[in-house]
Amino acid sequence: MDFWRNPVTDWVSGLLVSWGLSPEAAHVLTAFLAVLVLISVVMVLDIFLVWMERKIVARFQDRLGPNRLGPFGLIQPIADIIKLIVKENIYPRGADKVVYDLAPVLMMMSVLLLWAVLPLSPILFGVDLNVGVLYIVGVGALGTLAIIMAGWSSNNKYALLGAFRQVAVMISYEIPMVVSLMIPTILAGTMGINGIVQAQSTWFIVLAPLACLVFLISALAEMGRAPFDLTEAESELIAGHHIEYSGMKFGLFYAAELLHAFTFGGFIAAFFFGGWRGPWVDQYPMLGLLWFLVKTLIGYWVFGWIRYTLPRIRIDKMLDLNWKFLVPFSFALLMFLAFMHSLLRGTEVYVLGMFLSNVVFGWVTVEILRRQARQERSRVEGARAAVNAGQKT
Amino acid sequence: MQNEWIYIGLFLVVGALIPAAAIIVSAVLSPRKSNQIKESTYECGVETVGENWVQFKAQYYIFALVFLVFDVEVVFLFPWAVALNQLGVFVVVEGLIFIGILLAGLIYAWRKGMLEWV
Amino acid sequence: MTAEQILFLVTAAVMLVAAVSVVTTRNLIHAALWLIVTLFGAAVLFAMLRAGFMAVIQVVVYIGAIAILFIFAVMLTRRELRDRGPQLNPGWWLAAILALLMFSGLVLVLGGWQGLWAAAPAYPSEFDSVQALGQALVSPEAFVLPFEVASVLLLAALIGAVYIAFQRKGKEE
Amino acid sequence: MIPLSWYLILSAALFSIGLFGVLARKNAIAILLGVELMMNAVNINLVSFWRYLDPTRMDGQVFAVIVFAVAAAEVAVGLALVISVYRRRKTVIADEIDLMKW
């Protein structure tokens, strides 16, 4: 188990040993410093995600976005941070102060912890857990918990309602998300995320495009972004679970949301688009970081694209979409692909066969949906015709 | 010392420290001038009526319940998914039976109209 | 004392404090949150025992699902946020004595056992416990029957619980 | 190195605390919380036996996974009963749910 074993960390731990530390303590201390560096870099990145998000939305809405402070408005997010830090922290009356303060920390933590298992390049990955995929799900559970804590401790009806609706959506969409993650697990034969990336000599988007689609949809709901951002339904719920938060605590919720989107862009890249794989990675392992970041940014941009293109969906439609379509669909897909995989594994037609199975599966699904829609339409039209006939006589 | 979870522990510590530091710095720097109006519950300017409490409908519980059952099912399925390559077609069929049994429960709840939000 | 032992003792202390809070706190939401702390402590212990899979599903199932279910149930069965009145039965001291007896009995029984102070055997290198678990769960000579029966159990729980909790329309009280 | 006994004693203590919660609490949901503590103690036992006896035999972990399934089923049905009773009788105090007592 190597944790960031590279010349820099070797040099640091060597230095620490020469200062009289035991090798094990030096190793742990080096790892601690590495984690500190990684998380600091991620936090700085997060600050610029705010800028990027505002620029992207501005372009989608035919505006300019922040452009006053510094070149292209690049200093704007720093000004925002300073504003958030010096803003007054208000505890609403009757709030449960400890839980109220813990919730934003837990929220941010639930996103930062995801970076522990993200493989950034062949030689640069946090921890290669053999239960990586389930680890993502478990860390997501902490985020759910943070939302409940925020909503409950604020002592506000709207916060509680928003939190409950958001949690209902998050837990519902967790099922198709986990099931769609099980498909790369089956294809790679391991739950370790680095192992999954290594197994993608053909990207899994070719072998399981439908799983990628399910993962994309459920990840959007899991992050609570449009079109699934029920918690921010301003007109009904004001702002969901973080109504009563102000200053830096609100900032943490906001930053966690953006970073969550970015991180999930990274996971889509790692699970379905080959992660750090790309040309010349074998010669220059650090090049993997570049490929990974490019893929992640494309994923992030797609999330933004969806967010600013689609209108918000009503909660009952959303839950219907999940329980009546995505859950049966993803389980059926899992069963079908597992079967095809064990049937075709090792043969020459494996890649082609898997791709065609996906196409056939998607086609059958569309046909079933079309038939149902037709039935529904004829039912509605029949009823309307009956009403019209009744009016005429 | 060969346990890789120690690094996850480090992430846990640092991941908690940095947001906590942000909150603490902000608490030190920010002004503290609280008053009755500021502390009051935010309800778009309307006075809060009654307790800050609403009766929830049981539907939330139904969804959480179906989720719980499927979550546990997933826990059983992940080892199956990992071991799939080592074992034969028989294992795949076992997993299919396992999923099929639980999908029957989902279809039951669906047909009885228990998955409707309203 | 090694670092590992210190980590264990800290975790154990946190877990015990949290567990006592679970059974004594008046506010049920706080009790549920304390339960989460206890369960998370157990996840840490599993990770220390190198059962990574157990640690992760402890968080996924207990914190992600069961604790949420508890919080939902508390919210559904309260008329008001604050708990009033005593939360313990009048005969709580009897229960405390019984629990103490239980603990001392367990420790007594354990004390008579030979393997109690055994150190853990070396963890086999290159051993993937998740894969071994998967093979044990589905191979016909091991646990395939409990595996399938668990699915039937979950099915029964799903149908039963949904049936009990479901409120038919037009039957509002 | 941590001896096996530490884990076992911790789990015995958790079990006893859970037992106290089950016996002493009034609220039915709190009783179920106590049951969860007891189940959790059992799981700690199972996993530590797996580690300390023979890590290559997965029996302990399989048992623990099945305990998870049982705990989930127990919580689901138990809380559903509590909610159902609450809807009819407007109480969650275990002693007041006494229709079947006589």
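Per-chain residue numbering starts at 1, and chain names A, B, C and D are given in the order in which the chains are listed.
Methods note: a contact is a pair of C-beta atoms (placed from the backbone, for glycine too) under 8 Å apart; a residue touches a chain by one contact, two chains touch by 3 or more.
Predicted, not measured: the structure shown is a model, and the values here were computed from it.
Should one ask which of B-C and A-B has more C-beta pairs in contact, the pair is A-B. When every chain is represented by the mean of its C-alpha atoms, the one lying closest to the mean of all protein C-alpha atoms is B. For the pair chain B and chain C, the distance between mean C-alpha positions equals 17 Å.
Inter-chain centre distance (chain A to chain B, centres taken as mean C-alpha positions): 14 Å. Separating the centre of chain B from that of chain D, both taken as means of CA atoms, is a distance of 21 Å. If you average the Cα atoms of chain C and of chain D, the two centres end up 6 Å apart. Along chain C, residues 48, 50, 52-53, 57, 60-61, 64-66, 68-69, 72-73, 75-76, 81, 123, 129-130, 133, 135, 137, 150, 154, 157-158, 161-162, 165, 167 each make contact with two or more other chains. Of all residues in chain D, those touching 2 or more other chains are 65, 68-69, 72-73, 75-76, 79-80, 83, 87, listed in ascending order.
Multi-chain contact residues of chain B (touching two or more other chains): 2, 4-5, 8, 52-53, 56, 58, 60-61, 64-69, 71-72, 74-76, 78, 81-82, 84, 86, 95, 106. Every pair of chains meeting the contact definition is listed here: A-B, A-C, B-C, B-D, C-D.
Within the complex formed with chain A, the chain B residues making contact are 1-2, 4-8, 10-16, 18-20, 22-23, 25-27, 29-34, 38-44, 48, 52-54, 56, 60, 63-64, 66-67, 70-71, 74-75, 77-78, 81-82, 84-86, 88-89, 92, 95-96, 99-100, 103, 106, 110, 115-118. Residues of chain B touching chain D in their complex: 58, 61, 65, 68-69, 71-72, 75-76.
Interface residues of chain A facing chain B in the complex, by the touch rule stated above, are 1, 3, 24, 27-28, 31-32, 35-36, 39-40, 43, 84-94, 101, 104-105, 108-109, 112-113, 115-116, 126-129, 131, 133-135, 137, 155-158, 160-161, 164, 168, 171-172, 174-175, 178-179, 182, 185-186, 189-191, 238, 243-244, 247-249, 251-252, 315-316, 319-320, 323-324, 327-328, 331, 334-335, 338-339, 341-343, 345. By the touch criterion given at the top, residues 2-5, 8-9, 51-53, 56-58, 60-62, 64-69, 71-76, 78-84, 86-87, 90-91, 94-95, 97-98, 101-102, 104-106, 108-109, 112, 114 of chain B touch chain C in their complex. Chain contact summary for the complex, chain C toward chain B: residues 44, 47-48, 50, 52-53, 55, 57, 60-61, 64-66, 68-69, 72-73, 75-76, 78-81, 123, 130-131, 133-135, 137-140, 144, 147-148, 150-152, 154-155, 157-159, 161-163, 165-167.
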